[in-house]
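You will see two complexes here that share chain A, one where it goes with chain B and one where it goes with chain C.
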Partner chain A sequence: MEMKPLTRVILGLVCLLVAIWLVAPTLVVVPMSFNENKSLAFPPQGFSWQWYQNFFTNPDWSSSFLNSLKVASVVAVLATVLGTLAAFGLDRMKAGPASLLRMLMLTPMVVPGVVLAIGIYAVYLDTHLVGTMLGFVLAHTILALPFVLIAVSASLEVFDRRLETAAASLGAGALTAFRTVTLPLILPGMLSGLLFAFATSFDEIVVSLFIANPYLKTLPVQIFSSITRDADPTVAAVGTILLFATTILIGGGMLLLGRERKGRP
Partner chain B sequence: MSAHEPTTPSAPKRAGWAWRPFALTLPALVLLAAVIGYPLLTIVLRSLSEPQWGAQNYVWFFGAPINLTVLQRTFTISAWVTIVCVICAYPYAYLMTAVGPRVRLVLVLCVLIPFWVSGVVRTLSWVILLQDSGVINSLLRAAGFDGIRLIRTQTGVVIGMAQVLLPFMILPLYSVMKGIDLRLMRAAQSLGARPSRAFFTVYLPLSLPGVYAGAIIVFILALGFYITPALLGGPRSTMLSTLVQTQVLSLLQWGRGGAMGVVLLVTTFVLLALAAPVMRSRYREAGRS
Partner chain C sequence: MKPGQESKGAAIDLESISKAYGGFNALDGVSLRIEPGEFMTLLGPSGSGKTTTLNVVAGFTDVTSGKLLVGGKNVVGVPAHKRNIGVVFQHYALFPHMSVGRNVAYPLTLRGVGTAERKARVARALDMVKMGDFAHRYPSELSGGQQQRVALARAIVFDPPLLLMDEPLGALDKKLREWLQLEIKRIHRELGTTFVYVTHDQEEALVLSDRIAVFNRGRIEQVGTGRELYDEPTTLFVGRFIGDSTVLRGEARSDGASTALRIAGETVTAPRRMAGEARPVMLLRPEKLAIRRPGQSAAGTTNRLPGTIAEAIYLGSGSKYEVRLADGSTAIVRSPLTGESFGLGEEVELCFDGADAKLLADDSTADATLT
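Let's look at the complex of A and B:
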């Protein structure tokens, strides 16, 4: 659309401000993590690595980090398997029941976190699942399931089912057809579902706060309790480590994806 | 997938196809029933049965002024967050459609980067930025605005929540705006409309489905926010979620906490149900024109 130069300048400025507002808070933790004093006052004073050291040596931090990794890995696999199966089922169902079931399976996304949290907490208290790996895995899997379902359903939507018929007509059994034709084509959807599931679990805080106990907590729970307890810059160090880890992962993923796309005929 | 492949001839195999899609969804449905359905049912039952059977917890909830204040505040804060998001996202999403691919990539990255660090860490950043000795207050003081408090106020909560929720506004808006044919604007202008008039009579109505979709998502997510108000807010900016948590964890009042949770849950679903047909028809309209 044609714009006056003045409108264009104002639009650019507004968007610049919005972009800063979006990104700046993400980066604030980086300078904070090298603070010499045990305080979260900005700007930080001096330079030290002690908070990174603390993260790797203090068992509170390192064990919660390992717990998060463990839970998220299991959740990623479990949610991807369940979500892929469900996506297939819905894809091959009649439209009516399929859309009803799909809506049902997406509810974890819209149920307010705290409501779900007290519900799960109530049930876990009765079944002794508070503070257990199994408890975390079950709760996180159901929260991650919608993301897998959406990702795999999207790739099934563009999948041409006649390819399976073609494979069958050439003598492939259902399993062979699935493994050699269907699976490679929906793999990108499954992988992005896997990634989303991992991230959802790794990041989940509200339900985790309720079902954690002093013996078993995940990283976000540890971060939250650290923020509410005192001004410990270790939190900033953790934030910085996570930021860099994700940047490397996403950067690597984008590079891989770009190469794959170029490689395709 | 075909572990249960029957080895019988093709006729019974075909008959098996009718139930097989449902069987594939079964594991997910069982888990859903166990980890979402049963807990929510438990909460509804507890809200009606503790300490004894009856609607006493709901009577208490709607009878105590403090609860109504918090309920109203939850709606007010969510509305403000939604308004801030619409105002900030609209020009941003528009710019995303108007620039070249390189600048667009940068703009998209700016939207996605906040997702790269965990939600808790992002809220921590806001605690750092908004605290009384923080950057924003220092800037304000330098500009002559002294004594403005941000942390533990409603304004602080809105600023933090809007930043977290902005991507949920920008992305649907962008996907709608991307589909708007800019030649329509040129047509309007060639017929004598000034740019502002062409914008308000042509572009804005066409982009409204994106605004509705984004606003509904942001509002619903904001209603249930827990972490950001808990860390950035104070006693005067408590939202419903925090109240639920206090009732259950600190006061062990499962009935009252459950009733609050049910109110929050029902509100969310009513809003979704109200929004769904509106959004669907608006999308269809946008598709037609």
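Let's look at the complex of A and C:
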């Protein structure tokens, strides 16, 4: 049906409003990061790079950023390996027990973060894992695992298992068939799981607040403590850097995937 | 296989193989010998055990009991990937993330064949299925027929002594199917390996096979050439499954050397007796039956049954009639073009020579499985 010009204009305006509403809170941090005064007031006054300088030179900021990168990288790999194995196992199990196990593994997604945090904190106090790299990795992996499980399970759902039978008839043992046929075909699911796992760990705050200590903080914890202590525009600078980094990462990934699809329709 | 030609194929011996799923016997003591280089077709309706048999030979399915010899060696318990048997599937099963060339090279790569030789053998296999120009394409860019030819190339590229095909043409349209049947026949001749082919299409079986094994309810009913199965079926099931047929049932009487059936008041006789206690029926091929107008002289035929023409089909090379008999059953008659033609609803007499009737044991359950 042909749309009337007026309808089209109104629809466009509404869409624009919704779009502004969705991204404006994110974009507000960009001008704030160039504020000349040590304040988070909006609109900002003047222009300076000092908060970016502060982020890269102040050890509080740079070390927490590096901690977050380290934890998120290890968590992404660990969760992807474990999540893929779990998805594969559940895919090959009897339907009844499989769906029960799947629900169990997905609980970290639905259990309130604070409840989980309290539980983890209690256990970590006894086992001296508070403020340790291992503690962060373990806690974040629990939270990231469901995302990998969901992404890889979706890939396995559309994977044609008869291809493994064909591979066997051509001389491939179970492991070889998995490596050469199954793995390449579920790789897109694993990669998106990896990305989700990384993001989950990187901006996790609730559990991290409980298990961080002055010696080991992740970036979200540092942002939170900084903003509760004083109005430091470095927070806005960090936000801006992260915004551009994720935009480049996701945009690049989509471009790569698009090219792959085009080359192999 | 021409006699005297050295065969590269393996002999297969199935010795009373059974396969049970829970309480259901998918295979119930199947025994079959397949000669080296032979083209053997496993024919039967769905659920008759033909695909299970193929899966047992391929190693995809364990047997409950029995022995399976490939090239004289018992392979029961040997996993599929160590059997060195080529398999072509109905659903092609090409690897979507590999080009045609890499798909065909896959079994060679697994066997550690060097690059130069691998390239040569992939090219040769693709040429054999006439897909030589498609090595760089991906499976999703090919039609069904082309994909199946690539799958065939992939299954023969490593020179297996045995090639299994599970309804490979089942997903293709009729014209393409007929052309690929001839291609498969040519490739079988050129390779000289043993082919085992599963289909539910009796015409396809007749076109392709040296011999056909007819499966029904987990058992082999009969093994033989297409002509043997058509002319000399040993069971009613085989007689009805291969080609068109008319089955006459009635109250049976045997005396000495002949058998008579009483059908709705009329009597037909065949100069033969059937051994055993089972109730005999007569099976007649469409070309052994003739149609006359009532009262016309019918020289040379010993039996007549009244009926009405229920269907008349012009086939070009002749005509095919369905005649409704007095007992409600239907007879199928093929008459040459030179004969008289009959109209729908016309009262006629069905004539045949008693010597042409096959006497077979009635197996009324065969009706149920023949749908």
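General remarks:
Everything that follows uses one rule, which is that the second predicted complex is superposed on the first by the 248 of 265 C-alpha atoms of A that agree within 3 Å, B and C clash if a C-alpha of one lies under 4 Å from a C-alpha of the other, contacts with A are read in each partner's own complex, and residues count from 1 in each chain.
Note that a contact is a pair of C-beta atoms (placed from the backbone, for glycine too) under 8 Å apart; a residue touches a chain by one contact, two chains touch by 3 or more.
Since the model is a prediction, treat every value here as computed from it, not as a measurement.
Model built by superposing both complexes on chain A: chain B and chain C fit together without a clash. Of the two partner chains placed by superposition, only chain C is touched by A:Val181; chain B is not.
In the superposed pair of complexes, A:Leu191 makes contact with neither chain B nor chain C.
Of the two partner chains placed around the shared chain by superposition, chain B and chain C are both touched by A:Gly173.
Draw one line from the C-alpha centre of chain A to that of chain B and another to that of chain C; the angle between them is 90°, to the nearest 10. By the touch criterion defined above, A:Leu101 reaches chain B but does not reach chain C. In the superposition on chain A, contact of A:Leu69 is made with neither chain B nor chain C. Touch criterion met: A:Leu163 reaches chain C, while chain B stays clear of it.
In the superposed model, A:Val30 makes contact with neither chain B nor chain C. Residue by residue along chain A, chain B and chain C are tallied for touches, and B comes out ahead. Judged by the touch definition given at the top, the superposed model places A:Val77 against neither chain B nor chain C.
Our summary of the superposed model lists a minimum C-alpha distance of 5 Å between chain B and chain C. When the two complexes are superposed on chain A, the residues of chain A that touch both chain B and chain C are 173. In the complex of the two chains, the chain B residues touching chain A come out as 1-2, 5, 17, 20-29, 31-32, 34-36, 38-40, 42-43, 46, 88-89, 91-92, 94-95, 98, 107, 110-111, 113-114, 116-129, 131, 133-135, 163, 166-167, 182, 185-186, 189, 195, 198-199, 203, 220, 223-224, 226-227, 231, 241, 244-245, 248-249, 254, 257-258, 261-262, 264-265, 268-269, 272. By the touch criterion stated above, chain A contacts chain C in their complex at residues 160, 162-163, 165-173, 176-177, 180-181, 184-185, 264-265. Here chain C touches chain A in the complex through residues 58-60, 79-82, 84-87, 89, 91, 93-97, 106-107, 110-111, 138, 140-141, 154-155, 158, going by the rule given at the top. Taken in their complex, chain A has these residues touching chain B: 1-4, 7, 11-12, 14-15, 18-19, 21-26, 28-29, 32, 40-43, 82-83, 85-86, 88-93, 97, 101, 104-105, 107-108, 110-123, 138-139, 141-142, 145, 149, 173-175, 178, 202-203, 205-206, 210, 219-220, 223-224, 227-228, 235-236, 238-239, 242-243, 246-247, 250.
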